[in-house]
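Heads up, the next two complexes both have subunit A, just with different partners, subunit B and then subunit C.
Let's look at the complex of A and B:
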């Protein structure tokens, strides 16, 4: 066969608009998506004869998987006759000559924007969704690399914080479409563009769901019989949109997703095909068999779908709202034979969320981590909490710090003092993992009840380091903006650390955050205000609360009071000292200020030009400094 | 209890490039239950000697051997810092002329915290603190105030309350009655005598010769960093009188 003939044949055979290579590439991406449920697979989105944002992603999926025997249904907002739906259907049918239908039960491929049909779908059916924004975390993070990291490590604490903030501000979770779900216990996925009403239908569904975002060049999938759990706190019900007493003007159904007809102050079914067939049934044509939707009891949220069911933040906070329906069940005994189990609106201990075991254990009993009793402060296990050996960090020819060694005992605070540029912050940043050391080692020991666990800080990968920073190693920065998300409320900032450690109970998160904020003397009535509205001293207090909330083994304090005015600094300093004493947390305090060091620490090392020039008891350094530099430092402090 | 052998302390002052020999080969022992008082002119090295034991000064040479409660002996001149932190909590007490206590906590709080450090349980610590404060004659009306607003004498007594509360094996006192009026001085001297009677060893510095006479079981006279004389209080005081 000549090339010309080959080309001619392929042109003649062109089926479903796309060339075979494109289809194959898209199908490969889809297979990956099916293999890793909920994971967004990049693909080479083609130019389509529809504008991007008009369903090009869903269209590419449909055209890649469709065969001559398929029967296709396309809906837009539940309506088969919508302009967009009609156009897409015409394109599909014109390029494939497949059969079209409006009957969801009869279709083998259903392409949709915004709805899952009321008619329960069954095995063998493929459900294709046109997705505008595939990234569920877009609202909480913009940096693509960071987003990928969050997915890769299943680090969804900020998503939980956004739900927390939503409940605090509005009394309910206000997300309508694109409600975040946890797929297969692993990936958080955007259910965009379907309303919450339809979310439970995806859980353990017998059909295959394929999501395509043409503009964003991503496909993802939910294979049959995969768990799809809406993210919601243990004590806050997942609610779907529903208006009390509303029913369809046409078919009188009150168990379907209704849309408002403002002109007539009435409601009609969003799924037009379902509505019309129900009307036919009501007419008695099938002998009084009532059609049932694929959904039964769900929690009832009030009018407009989303306004609070009277659930104010406070009610939620104090006792946990017992909203009407905590479980949104899918009716199994319906025509289509949906083999779905009830979706429990519960994501307790969801897999994939990395929970620090020690923390989980300590919070297990009642969700409130136990504060070690004073008598346990000096553990029977001798040894160090932190041992730093020969830590060196060079910046090219410039020495950040060289051969720094020191150790911190359990419950002890050790100071690092030196002038600006002496390398003390470099040491701290290496310990915190913000900087990679050039040489040296640091071993952190977490003393358990009867065991101890050693962590070699400089040998951790990024993921392990992040997990370590949740509940084992905390840092308080000089600038609160580094340790806090200023757009998030004080309570939300603390909730971030708690959700990262696996807390999923809104009421407990809130009461723990409240008690901590009380402890650091932040007025509780400011708890729900964004930290950006706080003064410097208050921000530093919130940062402290956030740092100690999971009872870390080691707290790093980097110039914690520098930049605060004297009276505020004194208050923060008092607080740090009291917190260290109460909690028995070991600490490394970096400061250029002798008064800070002498107040907080029992031992100190003096750094000068990147090296430790002297180490000793803090009062000995003040009384009897040995090195010339230490003597100058002490003399200066004495004024 | 405490055995100091050949203790030397040399301060090197880098700014002026000079060294000062504060202690030169000092030998000194304090037996169990003994109260040894250091006397001598200003600059003789009395406070430095106490500090070398407390280790807020680093000895240059020699040994400072302390017998712990469990009978083991530790050389304070060579003990590492961490050991010193523990020894200070458990074995040593130090009351200086200056308030070492936290200035921003209430008087009561400061004393309770020291009691906790000494290993008393929560309730006991509160009672012990109240008892100690009463003993040094600090009225309850002052307990809630911060030490920083107290007079010198009152601060001194807070220090004493801390130092004598559940007294450790060895108590170091540096001019404990220096800023007290006659009445309070009486009370404090009585308190110190009482502590010594419980078997606590005391090494102290007094300028007040009457106090020396009343409290000391032995007196050591320091001159220019050396032990010039040592003996019964009467004997040494007499010797000092001769010198004058």
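Let's look at the complex of A and C:
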């Protein structure tokens, strides 16, 4: 018996091409998508009679939700008559016999590629978008595992960095179509390649938008009355396409999305139905047609603060530090969302870790925290202590470190010294979360005025640890490439930490980054150069700036000057000492070099073959080492 | 309007279809019969079934004819056809030990247990374009013999390597003990080779030379058609994906990883290359017992990998596995080598993502070809940004105070928006 014969019996009620099981499955995925706006829901995408990439996702959605009473409109580039639109419409109509229309107002389902109709859509209408590339973050990350994590944790700082770098390099955000948006304050979503012109129409819309990516097997949705905010800094305007002074050759409209007709040096509406309707209207043939375009939506979006903030906020951005601080609050209030949402999302994603919120509050309250003057302790920074007990890490039969215990008092720098292989870096990597300890505990305690907060470092999950490392725990690696993205500018590297902590104001991010870079003596005119073009010493300075930018409670330094020339190392060492002194950040410094330890730390533990052999005040140890190994170390330093 | 010519809408589509139909149905030679395609173009039919993931020789032949010989197009037709069909049942899992071989070679040994059965292969047929065509064998007997599984021809193709080796022609040696007897098919002759020989992996396992990755929990295979794959899926998902992959894509991925700049692949030794028939069983709706409802032909490959990694048992071999519908050895071999490469890679590289996401013929071809669709809305948007960036750069150049205030944080965008009144920060298209 052939496949055809076997399955023939169950196809009596064939409607809309797909079998009923498939349609039900796709509808289930769509319900999930509606329930979690902006989240890409995987679904068992079926092969359709059109090629992958030709609207197979949109077609599956339409065919799964369509009923005999629906009225369908299909457009491609805004054109009902384009070959692709005509082909898809033919398929839909042929298998459903539903009524077709070109009138956006009359359609119950509108399937589209690349455009939202000019005519505002209303409640009850379903807007189906064909999506070639559903992943908005692919430009900044290729690894799907990492992409999944970024969405799960609402970790979009690299996206913000890409916007930052874009402005720095080009003076404008150069993203064209498919502009990334934040949906419902939670998920970053690709708006398919609709032009920026159309993006505001999705914001707080009264209609349902369904997005189908057949090739990549994802559907997602924007339910009615959901916020859809283009990702842009509070003080950088979201710009839609401009066609200054142009109007449609046919209908003379100057408030629609126009496309160029080079041969005629003219413009025409991309929405052909709107254009012809408008012509009819102008000719007086059709009365009663509303000719208010989606422009109105843009206006509304402005009022909501998506775009309008730009003008005022922008001036603020150039107006210097003090002014920034003053207007910051107003700014936030009117913007009403992106930054605040970002912070909230992050806190929520971290499963209630309070550290992040605390830091965010601190940062937000400070406005632009100027780098404090020398030796001036910041009273607002709470005291933190670190207590490490019995830390052990084994590598199979090999001991990385065993039973290491020490404590760091608020504002104190503790050194760990030992030769290569003594286990000191293992200790540091366990504290930073780069290595999982075999046994032991490490507790960060924050001493508030009337409360105490504890973070047990080894019990954090990956997400919580990542959140902790945004602004509570920072590490400076021996190799700057580990702590920096070398392709990104110095300012962009710092912006990565700031945006992760919720900063969304371009001018303030730049001020903060600039003052930090000045502090670490990186020439400000190099601020916008990729770190890859920097010397080793400069890279290490940028890494330091990045590490302290959010004023962490605890800074871990792993052989911070080992890779540098002696003269360069001395300068960096001075800088670290001054920074620690100024900021009151507690630190753990790992080095094999007694001079580094003596310069930076007040107390020290000596490690040998994975164990702590001696500990005490750094000065004392230098004067009077007890353990034979310590004596050798000190002797070596003196020699 | 230059572009208008390319978008005549519905009428243009109908006209294009008419032209396609002309090639299919008209012309000076007789129309190609589906039975001819099925019978004569077996490798193409097999490949289409494999890449479509559907065993239906007649439909595949029909698809090939309709697609004018375009294999990806034909697979698409077959897959899209299946989208319209419900799933009626799930086949019961069969062990590939039940494979009844039509061809089997074991490059790893001169004389393996079981036969070296060359079977029908183009491997040693001279690549000589036959011009003029040789006289066709017209008698029915020869034609029948050419069909797979026909006894005389297949038996004649046996090549056990060396006639003096005692193992030859002794299918009842300990090698086959405990194995199910070959079914009493068309022939029960003892002089014919063992049709279900033990596999080389069994031998390696017996010698304690192979990693044993058999697992006891026996999970249901991952259904790649219902749950989209992404990195981190179980092995069954990777195998299913590769089994449906486009042959050329898989071969290229293999070759690229052997020879390319970012290679992850270590070349394997082939243990088994088999082509044969597997029964398809479903549970009987009434009795609940499995019943055979048909058979599919598959190509099966075992690829022996020599382990040499720092965290691997270097005194052992491991084995990669490849299996696809129809006779398609290139694909099964690439698949087996990629399988073991993925197993060893353990997600360290992005090889798994490449295998899972980039080898489907419909997806890659469709996405490539979608570039032919109109893109003038997006292109207009791109031009607009180029001009905007240019304008921003010009504003930056013209700024009088550029060198006086390098530290004030002004960036081109800020400067532009502040200095240049002609460009509003929010342009809702053309100014009203």
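Simple rule for what comes next: the second predicted complex is superposed on the first by the 542 of 639 C-alpha atoms of A that agree within 3 Å, B and C clash if a C-alpha of one lies under 4 Å from a C-alpha of the other, contacts with A are read in each partner's own complex, and residues count from 1 in each chain.
Here is the rule we go by: a residue touches a chain if its C-beta (ideal position, glycine included) is under 8 Å from a C-beta of that chain, and two chains touch if they have at least 3 such contacts.
Everything numeric here is computed off the predicted structure, so don't read it as measured data.
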>> One more residue to check, A:511. First (subunit B), second (subunit C), both or neither?
In response: second
> In the superposed arrangement, which partner chain does A:399 touch: subunit B (first), subunit C (second), both, or neither?
Replying inline: neither
>> Contact-wise, after the overlay, does A:240 reach subunit B, subunit C, both or neither (first, second, both, neither)?
In response: second
>> Applying the document's definition of touch, where does A:632 land relative to subunit B and subunit C: first, second, both, or neither?
In response: first
>> I'd like to know which partner A:616 touches here: subunit B for first, subunit C for second, both or neither.
In response: first
> Touching A:195, do we find subunit B (first), subunit C (second), both, or neither?
Replying inline: second
> Who does A:583 touch here: subunit B (first), subunit C (second), both, or neither?
Replying inline: neither
> Given the superposition on chain A, which partner contacts more residues in subunit A: subunit B or subunit C?
Replying inline: C
>> Which partner chains sit in contact with A:99 here, subunit B, subunit C, both or neither? Use first/second/both/neither.
In response: neither
> Between subunit B (first) and subunit C (second), which, if any, makes contact with A:570: first, second, both or neither?
Replying inline: first
>> Does any part of subunit A touch subunit B in one structure and subunit C in the other, and if so which residues?
In response: none
> Which subunit C residues qualify as touching subunit A in the complex?
Replying inline: 1-2, 6-10, 12-13, 54, 56, 58-59, 76, 79-80, 82-88, 223, 225-228, 230-232, 347, 350, 353, 357, 362-363, 365-370, 373-378, 380-385, 388-389, 392-393, 395-396, 406-418, 423-432
> Where on subunit A does subunit C make contact in their complex?
Replying inline: 2-4, 6-7, 10-11, 14, 17-22, 25, 42-49, 51-54, 56, 76-79, 81-87, 90, 113-115, 132, 142-145, 148, 167-168, 170-172, 174-178, 193-197, 215-218, 235-247, 254-264, 270, 295, 298-299, 302, 307-308, 310-311, 314-315, 317-318, 320, 506-507, 510-511, 514, 524-525
> Okay, in this complex, where on subunit A does subunit B touch?
Replying inline: 374-375, 407, 409, 412, 570, 574, 577, 581, 599, 602-603, 615-617, 619-620, 622-624, 626-628, 631-632, 635
> Which subunit B residues qualify as touching subunit A in the complex?
Replying inline: 11-15, 51, 55-58, 81-82, 84-85, 100, 102, 104, 113, 116, 121-122
